[in-house]
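One chain, chain A, appears in both complexes that follow, with chain B as partner in the first and chain C in the second.
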Partner chain A sequence: MLSLKKLSTNLVRNYGPLGAVSTSLYGSTSQPSPSRPRATEPPKRVVFISQSTDVFSNLAFEDWLYKNWSFEKRSILFLWRNSPCVVIGRHQNPLVEANIPYLESAGVPVARRGSGGGAVYHDHGNLNCTFFTAKERYDRRQNLELICNVLNHDFGIQARANNRDDIVVGHDNKVSGTAAKLGRTSAYHHCTLLVRTDRQQLRLALQGDKTIQSKATHSVSSGVANLGDIGGKDMTVEKLLASLGRTFLTEQEQDPRLANGFTLINPTDDWFPGLGKIEADLRSVEWIEGKTPRFTISRSVSLPPCLAGTSASANITVQAYHGVVEEVRLEDGLMACEELTDLVLDISTSLKGTPYTPGIFCDISNRLRLPQPLHTQRSFL
Partner chain B sequence: MASALRCIKFSYRFLNINHGPTQTNIISQHGPWCVYGRAHMHTHKLTHAHTPTRLVTTTACWLPLSPTHTHTHTRLVHAHTRSLHTTLPTHKLVPFILADIGEGIKEVIIKEWYVNEGDTVAQFDSLCEVQSDKASVTITSRYDGVVRNMHYSVDDTAFVGKPLVDIEVSKEDDSVGAEVQEGEAISVGRPVEEAVMESDTFTLPKGKILTTPAVRRMATQHKIALHEVVGSGKDGRILKEDLLLFLEHGKSKTTTTTKPMTTTTPSSRVPPTHTHTGVGAPVVGVPPVPSPVMVKVLGQDRKEVIKGFKKAMVKSMSLAMQIPHFGYCDEIDVTRLVEVKASLRAVGEAAGIPRMSLLPIFIKAASLALTHFPVINASVDDKCENITYKASHNIGVAMDTKEGLVVPNIKGVQALSVVEVAGELIRLHQAGLNATLTTHDITAGTFTLSNIGSIGGTYAKPVILPPEVAIGAIGKIQVLPRYDSVGQVNKAHIMQVSWSADHRVIDGATMARFSNLWKAYIENPVTMMMYMK
Partner chain C sequence: MARVLLSTLSTFTHKVSPIQLIRTSTAITHAPRYLSTTRGVLSERKYTEKHEWVAVDGKIGTIGITNYAQEALGDIVYIQLPEVGTEFEQMEECGVLESVKAASDLFTPVSGKVTEINSAIEDRPELLNISCYDEGWLFKLELTVPSELDGLMDEAGYENFLQENKE
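Right after this comes the complex of A and B.
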C-alpha cells in the first residue's frame, strides 16, 4: 500500500507537474524524490519473436525498439536467431576479435552491435534474448536468474550466472554471454544462449589477430558448451524459446490470457518505419569499420638490399583510427639509414587517410621496393 | 578649477535602471566592476529614456568627472563585446557530474566523445559513450550551454561522482546545481489548441508547454504568458531566444510558419468581434479591439463514439492484421478490353445495364481462375486449424459509401454470366448508396476485389477480410508506352493489380499462378470466352 506522498511523487515522475497539481488536494508536496521511484504497478510484459534470421535486420530492430518505444508501461523480451555471423561489441576491433580473412572467404558477415562487451559467434543453434526495460528497471541479474530458472525447472540443467554475468554450467563452461546498453530513458540487456551451435566454427571464426595493440574492448575467451549436449535430445532452440517466453510472461503473476503474449515480428521497414535506415547504417562501412578504436599493428617487413642497413628487415608499425590509417612509422628508427626513414615518412603521408586493410603490409613492402624519385638524388656514398 | 579630477575608488551607488533585475544581487556576487560594465551595456541598449543616474562607480583608474555631472558619461574602460542577446553576460561554469550508472559501478571508460570543446549543447543531447563492464551507456547532457573543459579523453577512466565536463550555462538557470528532474522541468505536450469560446478575445487555456525553469522565470519576470510565445526549439520547446524575440516584437506578434494558420471555422460560435491580426480592417465607428496574440485555432475537437460500420471495420481490421499477409503485384495490359469497350457497352445497354464497365469482366475472370485454384477461395478458422474450400464463388466488391468501406458480395459468380454479374453489381451499388444493404449481401463472401483504381492509385496493399484468405486491388488504367512482340513501342492501356494473401495457407507460387491465369483471361478476352463456363 503506497503512501499518499509516494503516490504523488510517482505521479510527478510519470505525468509531470500537472500530475502533482492534481494531487495537491492531498496536501502533499510535489517535490520528487531523488531516489529511484518504483512505479505504482509493474509494467506489462510482452514477448517478441523475430521471423528474420538476418543479423542486420534483427540488430536494427533491437535498435529501433530501443530508440522508438517507451518502456514505462511495458517490458519486452525479444527472442531472435541469426544465420551464421559474428557480432562484435560496440568498442571492439573486428580484426582483433574475428578471423576476417576466413569469414570473408566463407561469406559470413561481421556485424557490430550497439552494446558493449565482447565478440560472439551466432548461428541457428544459438538463441539471443534481449530484455528491454525503462532505465530505472534495468537489472541484469534478474534477467539472468530468469534464464537460469527456466534451464533448471524446464530442462533440468544446473546453470548459474557467474560474477562476469556469464551463464555457466558444470565446471565453468560458458553457455551464455551478456552485454547491455543504457540510454537516458531506456535500457536493454541482451545475452546469447548456445543450444546447438557448431563449436568448431565458433572457434575458427573468433580467432582474431592478437598481435594488434589497442585499447578496444578485448573479449575474454572461455570454454563453451552447448546446452543441447547437456539437456539431451529434447533440448532445442524452439523449446527453449517457448519456455523462456512463457516464464517471462507468467513471472509477474500476470494472467497469460491477459498478457499480450507472443508476437511474431517481421523486422522490415514496412512494419517499422525507420528500420530500413538503421539497418543500412549497421551495414555501412562507417559503422562496422569506422567505429574501431585506435589501434597499432606491427610487423616485420623485409627490406630490399639497397635499403637494408644492418638488418634485412625493419619493424613497421601502422596506426589506424576509426578504420583509417593515421600513421606508418618505423620502429628502431635509429638503426635505419636515412633513405629508409624518409621513405617510410613518404609512405606514411601517402597512406594516411586510406582505409586500413590487412594487406597493407604487402603494400608497404612493395612501396619500399619501388624506385623513388628522390632516391636518385641521394648519393650512396 | 572646472574640471576637478575626482578619483573615486571603490565607492558606488546603486543605479536606478528600471529595466532588469535589481542591482543588489549582482553587486554582491560580482562586485562593483560588474555594475559598471552593466551600466554601459544598458546605456547602449535602452532606447526609452532612462532616468539620468549618478554613476559614481569607477575602476581603479583616474576618470574625469565634473562635479555637477549627472549623466552617465563616463569613459568606458572595460569593453564588453560578448552579447548575443540583451541579457547580461554572466555565465556560470557548471561541472557536469557523472551520475551513478547503477550496479555499484564506480568507474567507466570513455569510449567516444560526441561533442568538442566549444560546442553548444542542449539538454538531453548526447555527450559521450562510456563503457562499464559490458554495458555501453550513452551520457546525455543535463543542461543547455556550451561545453568547456572536457576532463577526460577517449580511453581514459572516468569516475562516478566526479565531473565529466564543465558546461557554461547562463546565470538565470538557477536550477543548475540541483539535479533537474525531467518530470518537473519539462511538461509533456504541446499548447492545447482549444479556443475558449465564451470570451470575446481568444485566450488559449494554459496547456502543457515545453520549456525549462530558467525560461519560465524569465517569462514571469517580464510578465509574458508562455502560451502566447511560439517555441522554436525541439518539439516546440520555448527557448530564451523565443522570449526575447517575443519581447522585441511586442504583443502584436503574428504567427510564424512553424504553426499552421488559423482556419476560421464556419461555426456560429466564433464571436464576430474577434479581431485577428492581418485579417480585415476594423469596422468604422467601432473602437479597435486590442488584437490578442493569436497562436492557432482549428475549431473545436469533435469526439464521437465509434459505432456501426466504423466499429465493424475496427473489429475486422484488427482481426485482419493478425493474418500474415504477403503481397504479389502485377501489371495487366488491358488494351484489347479497352478496344472492345464500346461494343461491351452496347451489349450492356441492350441487356439493361447502363454504362457497363470492365469490373464485371474482372470479377468473372477471377471466378474462372478460382476454379483452378480452390485454395484461394477457401476460408480458415480463427486458430487456422481447419481450412474449408468453399464451393461457391461469392466475390465481394469493396464499395466506398457514406458510412465508409462496405464489402457486399455477389453470390455464386461461377454460375453467372458477365451481364448478370453487372446487374448484381448495380443492384448492390444502389443498395449501398441508399444504405439498404442486407446482411445476406454482406456476409458469406469468399474472395474480394477492390476497384480502388476508380478513385485512383496503381499499386496497393489491400488487407484481407477474415475469414477469407485473399484479396485483390485493381489500380487505375493508364495509357503507357510498351514494347510489343516485334520490339516496337506502342500505346498500351496498363492496369496494376495488387494481391494480398494469407501466407499460412497460400504460398507465393500459387498466388502467382492464379494471377497469371487471371491476367491471361483479361489480356486476351478470347481466351476467357473459350474457357467460360
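Right after this comes the complex of A and C.
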C-alpha cells in the first residue's frame, strides 16, 4: 500500500525542493512565492497527487477540477492510483465490457468515467495521469510524448505512442490507454500506465458478454505488458510518479522557482465543497447503469410442454435503454402458437420500465411456466 | 433583392388563393413588411462562439453544431442527446458527443424545453460529420427566452468570427 507520507519525505531527499510536497495538510516546507506572471507567459504547471485509492473519490476529484477550475493560467498534472476496479467509458455497456458476475463476487467495483474510450482495469500496479489544460491547449500527443520521454530517459524503456494514442512497447504491447473530455473552456486528457498490474486479473475482469448487440462504444482489445517487467525491479509506480511529476514541472520553465511543486490532494467534500455530490452521482445506479446506450440481448429460453410447438425452446430478445427494459419480444414469432405470442406480449408489458438485470431471462422463463396453474385458478373463480 | 422578393412571392403563392394573390402583388411595394413576416419561414440560422447553431421556426428552435466543430471533433462514434421534455437554460450542458476517445459536452445555445430529438443520428452518428446543417440536426426545443437570439451571431458574423480566430 502506498505510503504517501513516506513518498513525500523520499521526494525531498532525492529530488530537493522541486520535488517537495508542500501543503497545509502536512504543514511542511513552504514554497517561495512565485513572481506575478505576465499575460503572455505559458501557464504555470502544478502537480497534484491523490491520497486516496478509491476510484469514485478520484474520478469525482477529476470532475470537480474540470468543472470548478480555470486552466488559463495553470496546467495541472493529476497523478492517482486505485484499488482494484474496472473503469468503463462514458458510452459503454458494463455488461459487454466487464465480467459483472465475477466482479460482483470479488467485490471489485465498476465505475463509469465522463471521458470517452474503452474499458480498463486498475489496481495498485497501475498509475493514472490526468492532464488538465484550457481547451485551446488540449494536446494528447504532447502529453504522451512527455510520458514516452520520461520512460526513455529515466527508465531506458523504448516506448512510443501509436496512431490510436496508446503507448506501446516492443511488438505493440500496450502499456497505456488514453481518453479525454472536452468542455466549453477546459479539457482533460487522462491515461493509464501499467507498471505492475496483475494481468491475469485484468484479463478475467474485462471478459464481458460479447453476444450483446448495441450501439455502445466498444473497447478495442490488445495485448498488454507491464512496464515493470521491462524496466527491471527498480521500476516502481512511486518512481514513475516522481519522474513524471518532476519532468512535467521542469519541462517548460526557465526558472524552476516558478514551479509550484507537488501538492497532495485529499479528495473529500471537506476540502472540495461539492465533491461529495459528484461522488454520490458517480456511485449511483442512474449513472453507472443509467447511461448505458440502447442494447438488445437474445437468449434461447426453454418452453414448458404446453407452449412448445415444433421447438422446445424459443429465442427471446430483451431490449433495454439506459438500463431500463423497453421491450421483450419473441424472435421467429411466426413459428409460435398464439398462446406463446400473447404471453410474451404480456411479459413485455409487465417488464417494460423495470431495471434490466442479468437475471431477467430466468424471470421470463419462470413467467412462461405460469400459464397452466393460472388458467385453472381463473376457471375456479 | 429582386430574387429575394420573387422567392417570397413564390412562398406566398403556395398558400394563398388567387384573390389573395392579387392583394399580395399590389402590396409588394411594401416589401420590408412582407420580408419580416416571412422570416419565420426562412428560419435563419444563428451561431455561438462555441460553434453551435440554432434555426428558429416560430417558437421551435432546431439545434446543431457547425462544420468547424464537426471537423475539429473528428469521426463521431456516439451521440447522447437530451431526453424529450427536459428543460435547459442557455449554455447548459445537455448532451455528449463522442469522437475517437474524446467525449465533448454539448451545450444548448438557447433556453428551452426539448420537444424532439433526431433519432436517425442516434443510430448513425456519422450523419453529424456528413451533414451537420441538415440531416445531422441534434434536437429541437421550444424557446422559453426568444430574446437570447439577439445575442447570437448571424451567418456573416460567424464567418467573420472564424476568420478572426484563424489569425
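The rule is simple: the second predicted complex is superposed on the first by the 329 of 381 C-alpha atoms of A that agree within 3 Å, B and C clash if a C-alpha of one lies under 4 Å from a C-alpha of the other, contacts with A are read in each partner's own complex, and residues count from 1 in each chain.
The definition used in the following text is that a residue touches a chain if its C-beta (ideal position, glycine included) is under 8 Å from a C-beta of that chain, and two chains touch if they have at least 3 such contacts.
Keep in mind it's a predicted model, so treat the numbers as computed, not measured.
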Quiz item: So, does A:84 touch the first partner chain B, the second partner chain C, both, or neither?
Solution: neither
Exercise. Specify the partner with more touching residues on chain A, choosing between chain B and chain C.
Key: B
Quiz item: Which partner does A:114 reach: the first (chain B), the second (chain C), both, or neither?
Solution: both
Exercise. Answer with first, second, both or neither: which of chain B and chain C does A:165 touch in the superposed model?
Key: both
Quiz item: Does chain B (first) or chain C (second) touch A:181, or do both, or does neither?
Solution: both
Quiz item: Which partner does A:217 reach: the first (chain B), the second (chain C), both, or neither?
Solution: both
Self-check item: Footprint overlap on chain A, comparing chain B with chain C
Solution: 89-91, 114-118, 165, 178-184, 215, 217, 291, 293-294
Quiz prompt | Contact set on chain B toward chain A in their complex | solution = 101-103, 111-112, 124, 129, 131-138, 140, 154-155, 179, 181, 183-184, 186-188, 208, 324
Quiz item: Can you name the residues of chain A that touch chain B in the complex?
Solution: 12-18, 20, 30, 32, 34, 89-91, 114-118, 138, 140, 165, 178-184, 189, 215, 217, 264, 291, 293-294
Exercise. Give every residue of chain C touching chain A within the complex, in rising order.
Key: 50, 77-78, 80, 91, 96, 98-105, 107, 122-123
Quiz item: Inside the complex, what are the residues of chain A that reach chain C?
Solution: 89-91, 114-118, 165, 178-184, 215-217, 291, 293-294
